[in-house]
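Each of the next two complexes has subunit A plus one other chain: subunit B in the first, subunit C in the second.
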Partner chain A sequence: MLFKKPQVAFYPFMVLRDDYKCVRCKSCVDQCSFDATYYDEDLNMIMNHHENCVNCKRCEAFCPTDAIKVVKNPSTFHPDANWTPEAIRDIHVQMLTGAVILTSTGNDKPIKNYFDHLLLDACQVTNPPIDPLREPMELKTFIGRKTDQLQFDSDGVSIKTTIGKQLELEIPVLFSAMSYGSINLNLQKAMAIACREFGTYWNTGEGGLHKSLREFKDHTIVQVASGRFGVDLEYLETSAAIEIKIGQGAKPGIGGHLPGEKVNEGIAETRMIPVGSDAISPAPHHDIYSIEDLRQLIYALKEATNYEKPVFVKIAAVHNVAAIACGIAHAGADAIAIDGVRGGTGATPKSLRDHVGIPIEMAIAAVDDRLRKEGLRNEVSLIAAGGFRSAVDVLKAIALGADAVYIGTVAKLAAGCTQCQQCHTGRCAWGITTNNPKLAKRLNPDIVAENLYNLLRAWAHDIKELLGAMGINAIESIKGNRLRLRSWGLTEQENKILGVLPAGM
Partner chain B sequence: MEVKQIGDGVYEITCGTTHYREVNAKVRELVNAGAQKVILKEVYGQRYIGTGIKGKVKIEVHGTAGNDLGIFLYGPEIEVFGNAQDGVGNTMRDGKIVVRGHAGDVCGYGMRGGKVYVEGDVGYRVGIHMKGYKNLVPTFIVGGKAGNFFGEYMAGGILILLGLNRKPGEDIVGDYCATGMHGGVIYVRGEVPKRYLGKEVKVFEPTLEDMKLLTEELKGFSEAFNIPVDEILSEPFTKIVPVSARPYGRMYAHRWGIATGLIK
Partner chain C sequence: MSRKRKLMKVYPIEENCISCRYCEVACTMVHSESKDPVKAYKLENLLPRATVEVKEAVSLSLMCRHCKHPFCFDACISGAIMVDENGKVNLDEEKCVGCWNCVLVCPFGAAHPMIREEKRHSFKCDLCGDRGFPACVEACPNRALIYDFER
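Moving on, here comes the complex of A and B:
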């Protein structure tokens, strides 16, 4: 039918090389992990398979003479609002493979970002703003079950009530679950170091905890997912908290699937499966078909660890998220993590990534509302996840009702990611989402740890500046304080769900 | 709850209707203080018995063990004189569980080490997602029959189904046996009609090697329930193994698949 495969004929990106500047050093050839660049000896030219280029920009970054630019292919399909190039290319892939299209890096569709439609308040005249550079400002956050009331001893000062285990965060930001296998140990190590230095937590994801990272125990949240990879008593004990993963924003309702070719010796040992075997996490936990069953697993984990670890439950933000969250609170979880539709460092079928779930902003507001109405809000902490880009997003989420925020993509960006959406291929040229030893060593854990630390430091100060402007000196005082938010450009219904007033009111 | 010492390092706890949290805390406390054996009397469905303990302590359960008996088990030996409910040996790592009766659903879920022997029947989804890695190989033996989804998603380990003491006309296993299986091995005493099996597996006649393994694995079961190994082996076994360690390898693709040869 066709002389060339459509993928070869119509490619989305191309590599432009300035032949005058190119010194034939071949560093671009070395760096490209997608077989898009090669050296032709006869011509003494660097050539390209443009169809393989994914726009990761690794060659651009490593060209010593700035001879390379990766650009969008100017030759595109006929402009059509319905039959976009993406729609056409997806058909081309599926007609040749008969397979579901995999992708990664989170939803890239223009789903309305409500954070961009929310504005923060500031103090003027009637109440003074606070200068965070010279005045104390509290970002410390405690994650865990809080008691209904405090009882005091007869001296009126000492507290009689025992409060359950809490995680103590210096900034209301934690690193989201990314498993060893989906990312490599270098990034996990970098996150662990940054967390220990700054005073927050990272999450192992569902791939177990590699023995070299056990020293970061006190800053590690270990995850228990349906595949139960790497889960045993020792794993549960080597943690600050345990998270039951029910779902994630990148792929609500389906399980994980680490392809066999990615399962090398280290991953096999950590996950406790043979080398080369698929690591399949079923869609449900087969011992959880109800809230009562969830309670059973929560208390199994508490029993196993002698009630010393807070137990989180992570779900994807779906339509009836508020009711589910209430169930989770009733089931005895210490914290609920909710991952919105933009969430997604995970490899996922494209149709799920782009079309399943609801925005995290709506989910936070709905869950916070419902938990308050049921008198459960103090019983669980609420951690929001899914596409958080900045300190401002974090603060707005907290004002909407979250206790803290999980960030995943941000950690990858700080490690050099250029969002080329190829995590699932295991060929990441930046050495982040690959366990190919040659590629993985491109990521230096110490340098990335420093980057992550800087990022947390910057966000902490950013939040303090914003709080100061609002005349607030503790993050606690903005939690669920939606009166300090105003919206613009939203409908009455959207304002109602978010529980905010439009600007001017 | 009543606790008494009945021998050197041997304790007896009469559980009655005491909440599992108190019973399990007491067991852990006794074990930490050096108890070798804890006998639980009048167990009325208390959950999570045996979890959170490291080491080779013996626990006897008289009555009905509740859900998740021996979940995350890490060494103890548990013997149940009665039936057990759902989730026996859930995500178990090491140790032994003997049930002198029937057991419920999802037993041996994600199990990666140790032995479980059930004398009677088991419910649905038993042996689901069992795993094996190098010398960590779990064994789960069922004396009676099993429900649907037996050995579903199995990724490693050994699952043995004997179907002893069946009434005439009773099936040994339910529908969708070994669906999604991608590792490990299932041995069934007798034949399994193909219509009961998932599409990811194939049936073989056990080789001499298999029979050696079976004989070895059945020793413990034979000792526990006093049934001679020869008697168990008197009927031919069926061996069920996965066709591929990557059952869903060709279900997913991506645009960049040309260079990998995925798009041909």
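Moving on, here comes the complex of A and C:
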């Protein structure tokens, strides 16, 4: 290709256009935010820069005559199991740029998904299943510290013990932390509306809470991360719970960097930084170097908010996750959120996203086991995150020992995302991970809120059906109930860690 | 003294418009003989009555506003433009002689010239009269067009 490095010609995707069906409405030209499509007036034809195409499928979705298909470039490298096209292209990128390869979303490598190797139980003959459409079915979940024991009044009914502040969820699913800056206000607003309507919670992420979203206070979890963006007393108080972010599944051990050019006035005001300045979250919290330090921060936040807000701590699932989670429980957290290796992000080095951390299934099992052994399980709730795809994954995670599940990618998908892995570019053609006003307006918060509500409703129905089949009428009864799980195709060691029996036993 | 008219028309919502041109193509399609978007453009040489105006982040779909005091009605030399009892501005393409006066005077650029071998005439949004509901509103994927009583 003229004026380009030779390797640019080995692009992965192509835009195919049926020229007969193309009516030259130029919708695709306007929709493409990656400069892959343009209109040539002299030829009266829509043309493509295939090398710029990222397979976001925006043009395909918005072609009114269905004339476009984005396809894999049929021209491939020589088939080689070791030197895959991805491996070769990565070398090309690094040799041309001398930089770390940035990417986004979650791990896309074929890491074994243990949820796919777990099977749920059902009732037959001796213990009848329940029909969720005819009988009440309870999905209500409480997140927060549970007391060691309950004391009753002399009447034997009224509870004397004071129970700490709990989050009340109508479905054991919450929306993950996605900051204003990494996503735009429209998606945050859509999540907030859906949460208020359905009865669950969304998480601000580390970018502060925009003033227009303060009305959703009772359904908002505010995050305190290493950058401390937007944190002040009002922020902490405008919440249902506070989450200290230590790590993230897609990039355990590293911080974040929102480039200055993305920091517009709204983001600057919300994050409390100057317009156009880089928003850098350090890798560590500079005041946390031990469990004792973490305890200080937890109690500082509790003191600041009069012990009215549960304090969560979010960590990435890493090798010693069980020991770390125990430490967090000892430090006084009300809930621990664990983000597995498949967790998503708006920007991360590819090497970290794909190779650091452990699967969330193993982490849930290990943490739940350890907390039980240490007698701490009732003191913290366990929220699992990272790559949950369906209600079935949620239920399996709960059976493994989680209390609830964080979903982020799912919310993005409900907003139109096609997982093209370009969040870090800020050019999201679907208007999700961008604050460019032309692109951000593509996400209508009212429409997406309806989509998210539908999704939660569908998942609630799904979970009820599955519980009914197991003869269970409350989500509480399946929590940590690994006897209702069986595995297939796993080794003895894997079964031991997950604490499940193989199918047939 | 302004009197509320019993007129429903199409209102664009600029904040929601994503300039996808669905309104344009839907308009062209429903006003065609074939009712097929590709044939409408390629065989019948039709053009949309609603046009998407884009400038950077600002975009909106623009079509006849059915003005209270339509300049096009005053300017029409052939009596092709008539205002009905509700205030809807109708353009009779048969009567139109193609003088382009309406095209010139329309402050919104919502009347367009159609030059064909057999006949010259102007055309504009008819609120999908025979269809019952405006196609552009139905086609809009981001709720950027609403069909409502005049405010």
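One rule holds for everything that comes next: the second predicted complex is superposed on the first by the 498 of 505 C-alpha atoms of A that agree within 3 Å, B and C clash if a C-alpha of one lies under 4 Å from a C-alpha of the other, contacts with A are read in each partner's own complex, and residues count from 1 in each chain.
Operating definition for what follows: a contact is a pair of C-beta atoms (placed from the backbone, for glycine too) under 8 Å apart; a residue touches a chain by one contact, two chains touch by 3 or more.
This is a predicted model, so every value here is computed, not measured.
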#### Entry: Side-by-side fit of subunit B and subunit C on subunit A, or clash
fit
### Summary
Of the two partners subunit B and subunit C, more of subunit A gets touched by chain B
### Task
Report for A:201: first if it touches subunit B alone, second if subunit C alone, otherwise both or neither.
neither
### Query
Between subunit B (first) and subunit C (second), which, if any, makes contact with A:459: first, second, both or neither?
neither
### Partner chain(s) touched by A:282 [first = subunit B, second = subunit C, both, neither]
first
### Task
Figure out whether A:349 sits in contact with subunit B (first) or subunit C (second), or with both, or with neither.
first
### Query
Can A:269 be said to touch subunit B (first), subunit C (second), both, or neither?
first
### Task
Once the structures are superposed on A, label A:300 by its partner contacts, choosing first (subunit B), second (subunit C), both or neither.
first
### Message
Quick check on the superposed pair: does A:234 touch subunit B, subunit C, both, or neither? Answer first, second, both or neither.
### Response
first
### Query
Is A:30 contacted by the first partner subunit B, the second partner subunit C, both or neither?
second
### Task
Determine, under the contact definition given at the top, whether A:21 touches first (subunit B), second (subunit C), both, or neither.
second
#### Entry: Overlay on chain A, subunit C to subunit B nearest C-alpha distance, Å
18
### Query
Which subunit A residues are contacted by subunit C in one complex and by subunit B in the other?
none
### Message
Applying the document's contact rule, which stretches of subunit A touch subunit C when the two form their complex?
### Response
20-21, 23-27, 30-31, 62, 64-65, 431, 436-438, 441-442, 444, 446-447
### Query
Any idea which subunit C residues touch subunit A in the complex?
15-22, 24-26, 28, 37-38, 40-42, 54, 56-57, 59, 139, 141-143
### Message
Going by the contact rule set out above, which residues of subunit B touch subunit A in the complex?
### Response
20-21, 24, 28, 47-48, 51-52, 54, 67-68, 71-72, 74, 86-87, 90-91, 93, 106, 109-110, 112, 125, 128-129, 131-133, 136, 152-153, 155-156, 180, 182-183, 245-260, 262-264
#### Entry: Parts of subunit A lying in touch with subunit B, wherever the complex brings them together
5, 7-8, 34-36, 49, 51-52, 54, 89, 93-94, 96-97, 99-103, 226-229, 231-234, 236, 257, 259-260, 268-269, 271-274, 276-278, 280, 282, 286-287, 296, 299-300, 303-306, 349, 422, 424-425
